[in-house]
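Okay, so chain A shows up in both of these, paired with chain B first and chain C after.
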Partner chain A sequence: MSTSFVSHQGGRYFWVSLAFMVLCIIIYAWHDPVQSPNGGTWYGYTLGTIGALMILWLLYLGKRKRNFANGWGTTKGWVSAHVYLGSSLLVIATLHTGFQFGWNIHTVAYALMCLVIFSGFFGVYAYVVYPSARNKVKKSRTRDDIFEQIQGIDQQLKKLVSDLPEEIGAMVNSAIDRTEFGGGFLDQLLGRDKSKVMIDGIIVNNNNQDVVVENLVQKLTLARGQETKDLASLVKEYGARQKLLGVIRTDIRLSAIQEIWLSFHVPISFGLIAALAAHIASVFIYW
Partner chain B sequence: MRLLIRYMQSRDKAQHEFDGNVITIGRGTDQTIQIADMSLPLLHSKITSSGRDLILTVSDGKSFAVNGQTAKKQSLIDGDVVEISGHKLKISAGENGFDYLIDVELDSEQITELKSRFPAGLKQIKAPRRQLTWALFLLLLGIGLVIPAVGLYVGMDKIRDIPLVPDDGVWLTGELHQTHAFMEDDCTLCHTEAFTQTKDEDCLACHQSVNHHFDTEIFGTDYEIGNDCADCHKEHSATDSITRTDQAGCTSCHSDMDKAGFDSELRPATDFLDDHPSFMLSMHEWEASEGWQNTRVALSTDGIQENSNLIFPHDVHMSEEGIDGMQGVEILSCSDCHEPEKGGMQMKAVTMEQHCSDCHQLTFDLDRPDRVVPHGSPPDLMRTLREYYAYQFLNGDNEAEAPKQAGGIASPSVREARRPGRVARPKVISDMIVNANADSSATMTEQANAYIDARVAQAASSLFEKQTCTICHEISKSGDSAVPWEVKPVKLNEDWMPLAEFSHGSHENMQCSGCHDAVNSTESSDVLMPDITSCRDCHGGEDSTNLLQSNCVTCHEFHLEDQRPMGALIETANRDSIQKLLDLDRSTDEMVKEE
Partner chain C sequence: MYDIVVIGAGPGGLSAAARCAELEVSHALLESSPKIANTIQKYQKGKHVMAEPGILPLRSPVDFAAGKREEILDAWETGIAHHKVNIQYGAEAKSITGEVGNFSIGLVNGEVVQAKHIILGIGMQGNPRQLGVPGDQSDFIQYQLDDPDEYHDENIAVIGAGDAAIENAIALAKHNNVYIVNRKDEFARAKEGNLNLILAAIDSEEIGAFYSSSPTEVEILEGEKFRGNLVLSTNVGIEKLPVHRVIGRLGAIPPRGLVESFGIEFPSKDMSAIPALTSQYESNVTGIYVIGALGGYPLIKQAMNQGYEVVEYILGHDVKPADHGLIEDKFKALPYDNMEVDDVLTMMQERIPIFSSVNALLFRELILDSTVHVFNEGDVVFERDDYTNSFYTVLEGGIKTVITEDLIISSAVGAFTGEGSLLSGRRRSATVLAGDQCILIETPRRTMLKLIASIESVKRVLDETFIVRQIQTKFAPNTDIKELEPIASKAVINSYTPGQVIMKEGDEGDTFHLIRSGSVTVSNEVNGKELIRTYLPAGADIGEMALLGDTTRSATIKATVKTETVSIDKEAFEMLLSRSPGLREELQEKTKKRYQENVKLQGDDDSDGLLSFLMDQGLGEATSALMIDEDLCVGCDLCEQACAATHDGTSRMNRRAGPTHAHIHVPTSCRHCESPHCMKDCPPNAIQRMGGGGEVVIGDNCIGCGNCKQNCPYGVIEMAYQTKATSSFWQWMLFGIGLAPGKGEVLSHGAPNEIKKAVKCDLCIEQNHGPACVRACPTGAAMRLNPVDFAKLA
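The block that comes next holds the complex of A and B.
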């Protein structure tokens, strides 16, 4: 996704939310309620109402921005508004609390809102930083391109081992078959490599293909004649494969980090809606 | 068991020697026979060896076929062909020390491309994100909203003890003040009706003795502000005062009482420093026919006088040189007579007995300085004198001499002396009997009465008119022969400003003379109350920056002592709340006992 939502239309929504936040802070400083500022003063109710409506609207924006080229406004504009107006909520809601917090459903709603916003901040950061970082790692290739390259190398490797001793073929073939990348949540996020290889009938970990590379290099040092040549080509090809797999793992890891915030942002947003409903309802039940 | 596993793909032939008892088959890279086919589970089935036999058992897979027969568990023998999702495993007897040979022939069409074998993006993981979202949503909605909503219909009492139902603190919007903190676990004690702000009845159920601000019989019970307790008393903000102290609440009426619809003599006030009327004093005056009459007089009135009817010059008593006292010259200070009451608000009453009588003794017989007349009632005074002189007439006034005289022999050496202007001392009665014949013109009773009357008249006249009463009191003659003098009643003003609360205690760091110019007061009729400018030396208005910020409630109370209790409004309403509180107390008591 393009990151130009940050500076969409000269940062229009940045200035809009900044102005709004400043206005809210000025009114907060100016208003002089009988009690300490809290959600129950006229300004507290006003900020609360604005905040609650904004949360609903932002939630709608979250849905709307996925419908590209649908309805009025551009997706980029919606994202920009979502980010900046969402950020301003941090100020509005904090002023609404009057800085009064406790172990209660009201503060839970506030805390969830903060989590949503902060995870959103990370999302902005991720969308600004990670796509270009991934592109750099992949040298502007797509992941499919890299897989195609690996597939080509695999063909090459299989051809090369057919002339080499059986045990080498068995190891290399097994390493190709037992190559892993990605995987579960943590595997992706940490870029774990759970690749394995069967050597002498025993399955061992082949993290970063190191075991195989080491094994081949060792064999290379002991090889003679044609075998040296073949082994050298094999090592070279295998090294290239190792490197490409590394790129893929890095890309998966970065893409996981880039996307991870959504795993929090969305569920917590719904938790926030529930807490917000409870907050509003309970305040009026126990008015 | 030793096995040789051979992969039969034409080009990339490979074989592994395996030594073990369990051969695992599946998609997982850690399986003995790994088949990169996404349609297979990670662990499809297992071959276990039992002696020389091989047994194939399905693990996470559905089934396999042995020689075309679908099975879930099957013994394998030489020549069997196992088929798993198109991939074939041929079992044959081994040679060269291998127990068995397994030829693996993978269906290359079924083999998944490398790039599709593993989830390579978070979106490809079957994460229970949706379920988590719903769980979080429902959990919070349940705790936060459903519970109080259910409580609304069935009563929180009934569900509060159910496990996992949180206590009411979950919905508390802010800490309660200390005095209400004991109710924190039950919102419904104050919030008796949902979607309705706490009602006066809910407060008054406990605070029954709180009084109205004005006479409700004249003005009704409609307050422009203060209609609801909550207008001035805010809870759930323990760091704030529970009572609002800003002036706006008061000045909404007191800036213009007429405009506010009250027919009141109260003058407008909006700020102590900038807009507050001069002080009014509650004064009293003695009317012979009516008794003590109260009036409100502006302190600024020219020639204002206190009418206590007491004669008391402060300047004499507070002279720097001192004043003659019982122990010689005494230097008096204010606190010798004026002591604040407990709590420091008013001053204790000044009384003759406590504060004056040490010096102003009510003696009447120089020979008997220990005998005094009672203070406060002229008839009692006269009676005491009569009793005294009657006793003297009968027994003589010198008790030390009595036995000797009783013996009937007066010492010739005792020379009878008579003070000038005084009736001669009588003999004791025995002497009179002895001398009865000497003066027979009067009976003994007549003689006694004559003696007593003369002595009482002399002493009373001296007390009332010359030496004692008249020093402090206004005395006039009365027509009553029994008590021929009248003392004008005395009343010291104990509450000059009953509509204000002034604490002497909180001003104890100040000099009395800072507000009360007593040292220069020559007459008791001087009014020594300070005026508003004196207060304004230190006290400013609500927003003063260089003076003590003072607002209406600094000096004035809203709930006035002399008005009817607001609790009368509810009378029998809301007994439930009270009962609940009583129950709460009881259960707390029980808990304490159990401990």
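The block that comes next holds the complex of A and C.
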């Protein structure tokens, strides 16, 4: 029912862009400039102009997607066109260079463009793969649902420890209070768990709640009578909590990976604009 | 003996009594509570009260204009004091005997008041149900809670299991020790949100709960820490709960029983029916007049005008109703220059049979709500597949109903059209064109539904017509309507509650059903599990295989929402077959197709239960439901930003809220229900279903009463101050100044005359390009679907 931007309108922009690339290659092969092919021939200028205009148009997506009242096409259609026509720039710009590279502003602009496009490729991959992966990890729950479940378990745990020795209560309560999520971008990306717990007055790392689980299991092994039962239900609940926290952490990590390319794609695009301006200016100044 | 006794000091009663006082007529105004205008007293503090309908002039000795609750109550208090109205508080009427010129009104306190004429203006709220146990008159027992923050550190028992009880208990639990007493073993009547809240509060021991318990006595404790003991009979015996306060929230006793005991008749059993009244507000009991909400006029200004007019009528004065000018304006375009308004109204009733049995007062109201159109020949009245649902009657000329290109039916003066969409809430099934010199009365759906509920004969005529026209369009387009009537008369209208089984797989049956309103699911049992195959909307037919010989039902059919079907049995169907050559073959062809589809469907099973999940979410009654494919959603929130940006900065959807099943997430957003719950009780009739796409839209004349928010089972309506989108993309982008696109500012937050109005999704009807949320989605995750498309999701 729902079609993604990749297959929008039966991949309309894929075909458009493919046809365009093939056409450009054919003309490139056909045209026979006096010197070897480069940006300065009539065909070089044509491709350069087209490429520069396309870059401006590609950049315009950032504005277009916020024109919420605009009736000209859907954002999905624009994204689809952005992806496929953007990809075709690799061919257009490469033909524009005539395969002449060097240590100069022209090649810098070209390299930046490639970085933008390749980061975009990763973006497409991420947007296709990660949403469903995240949904699978969360078992079709929203993050809020899971947080709610965790809160419910936390209340349950607080109730359960009231019947158990004070040290266990102190440990579980401090583990709840010192559970952490997110952190900096790198922490999110690597799925680092900075949760802590205070045991016997000392704050220790509680990565993946392992310390607490191990401690509880240890106590359960030694427990007798009613305490065994109480501890067993505590361990069961705590295990459920551990699992849910893991789900959230994985989701945060996947979501960070899903979005990381934007931190390259957008800033480098602006860098590209600067380099492109310098490239065009220098071409005209040193005519 | 008073000339006029007014019962009920609401807006209508106050106005009537003040008019009596102004004219120096001997009168009394009886009010059961200790204050005037009980219903308005119950509004929250500072609530802004509107004076709708704005076009209607006020005609009353007492002032009234839109404003704060307190200002309005003050003006009324001043008004009745100024006119020296003889008002008696705490005077609750319980019986009326006698006749015009000599009525005796028996009061609960034992007194008897004598009157020549009685004006009843007791509203529709009724009196709160009392505990009905010894000690229930104690001063610490109350049936209303104005301000929960008034009480601190008390032991409070809240008795009841409805929304009011739950809301009170939760609000009080912040500062008090609260117990909730439920006669049953669960909270079956509560809204889901409240149910979750109370269960969580009971679970966390914030609120104590007594299930299957009812109070048997209230013991009064003098000079002790607690003011009384609430004695409860529970499953495990008698329990005594020491309390400072008992709050009874056991619902209200509707006033209808009391009114009927006065001898006043209601034309139908329907609870929303209103008593039959003359154009001068007189009931079937000569000398007893009914005004205000009880007479079908829920708005304050209407009631006040009626109060004034009814006194004039009783005194025999000839006054024109306040709406006279409005109706006169409505008739301006009509070629009846030399006729009086009342004569035109009479002529309308004479010409149009369906309105002939409607009483003059109700008809006047109907015309006030209606529009009278003068059409040129060939003008389109409405088009097939339009989502409009008003009802048209022919006053002059005629109309042509275009069912198919070859089948055009002409109807003349007195005919009506549009009953199909009116009754089913579905799109128009045919195009209707105006004939020569055509004048039509267009009556809105709400007005017609009120009429159907009140007048049995209107309902009957519409039902019969609906059935015969359905049969004609479905099976016998070339047969004359007259010939089909004997068949139609055998048809039965059945109603089903949500989830009720209409037919069961494997059962024998030879009736055939046409879904008239609502919708159904078709399911099969596979390995002991119910698998929903498909969803069928109103207009579809089910069980036709049975009529052709296969009497074993091949699937289970269940109503998804409140559903009505028209059923025809085998015998009537045989009659139909004999009259329509070719019908048998046509149906056989259809049956063959259905068998083929059934075979195809054997492979697809709704194994992840997506369809069942969607139906459980109430999406069976949706016409356009927002869904998000979680396999595509990157969580960018552009949908919400788009919604806000196109709606003055306030988003009408919540992407994160709502349930998810498999890969489909159902965010909180209006689904534009088939029969919108929100439209049920909108005093200014501000919620409308629009023509083209069926958008359910809240208009600017919203008075902020919040009824729609309460009636919506899906929580998609918000009460909000008006906002204005003030963001600028370039300023935000380049300089980081101002609000990001999709953010808005609240205009004059809580300014004196600013009220919170109801807002919800309008499917971007003003944008002309379809819903912005879907259009703004970069990946294709957001979509708006009709239930018919749900099967494609799986």
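By definition in this document, the second predicted complex is superposed on the first by the 278 of 287 C-alpha atoms of A that agree within 3 Å, B and C clash if a C-alpha of one lies under 4 Å from a C-alpha of the other, contacts with A are read in each partner's own complex, and residues count from 1 in each chain.
Quick note on the criterion: a contact is a pair of C-beta atoms (placed from the backbone, for glycine too) under 8 Å apart; a residue touches a chain by one contact, two chains touch by 3 or more.
Everything quoted here is computed from the prediction, not taken from an experiment.
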Which superposed partner A:Q226 touches (first chain B, second chain C, both, neither): neither
Partner chain(s) touched by A:P131 [first = chain B, second = chain C, both, neither]: second
Which of chain B and chain C A:F5 touches, first, second, both or neither: second
Which superposed partner A:S255 touches (first chain B, second chain C, both, neither): both
Touching partner for A:T74 - first (chain B), second (chain C), both, neither: second
Larger contact residue set on chain A - chain B or chain C: B
Which of chain B and chain C A:K63 touches, first, second, both or neither: second
A:S140 touches, of chain B and chain C: first, second, both or neither? second
Chain C-contacting residues of chain A that also contact chain B: 143-144, 255, 259
For the chain B and chain A complex, residues of the former touching the latter: 5, 7, 11-20, 29-30, 32, 34, 36, 113-115, 117-125, 127, 129, 132-134, 136-141, 143-145, 148-149, 152, 169-175, 187, 191, 194-198, 234, 236-237, 239-240, 244, 246, 248-249
Of all residues in chain A, those that touch chain B in their complex: 34-36, 38-40, 100, 102-106, 108, 112, 143-144, 147, 150-151, 154, 158-159, 161-162, 166, 169-170, 173-174, 177-185, 188, 194-196, 198, 200-201, 203, 248, 252, 255-256, 259-260, 262-263, 266-268, 270-271, 273-275, 277-279, 281-287
Interfacial residue positions of chain A with respect to chain C in the complex: 1-5, 8, 62-63, 65-66, 68-69, 71, 74-76, 78-79, 127, 130-132, 134-135, 140-145, 155, 255, 258-259
Chain A-touching residues of chain C, taken from the complex the two chains share: 204, 629-635, 638, 641-642, 645-646, 656-658, 660-663, 665, 729, 733, 741-742, 767-769, 772, 774-781, 783, 785, 789, 792-793
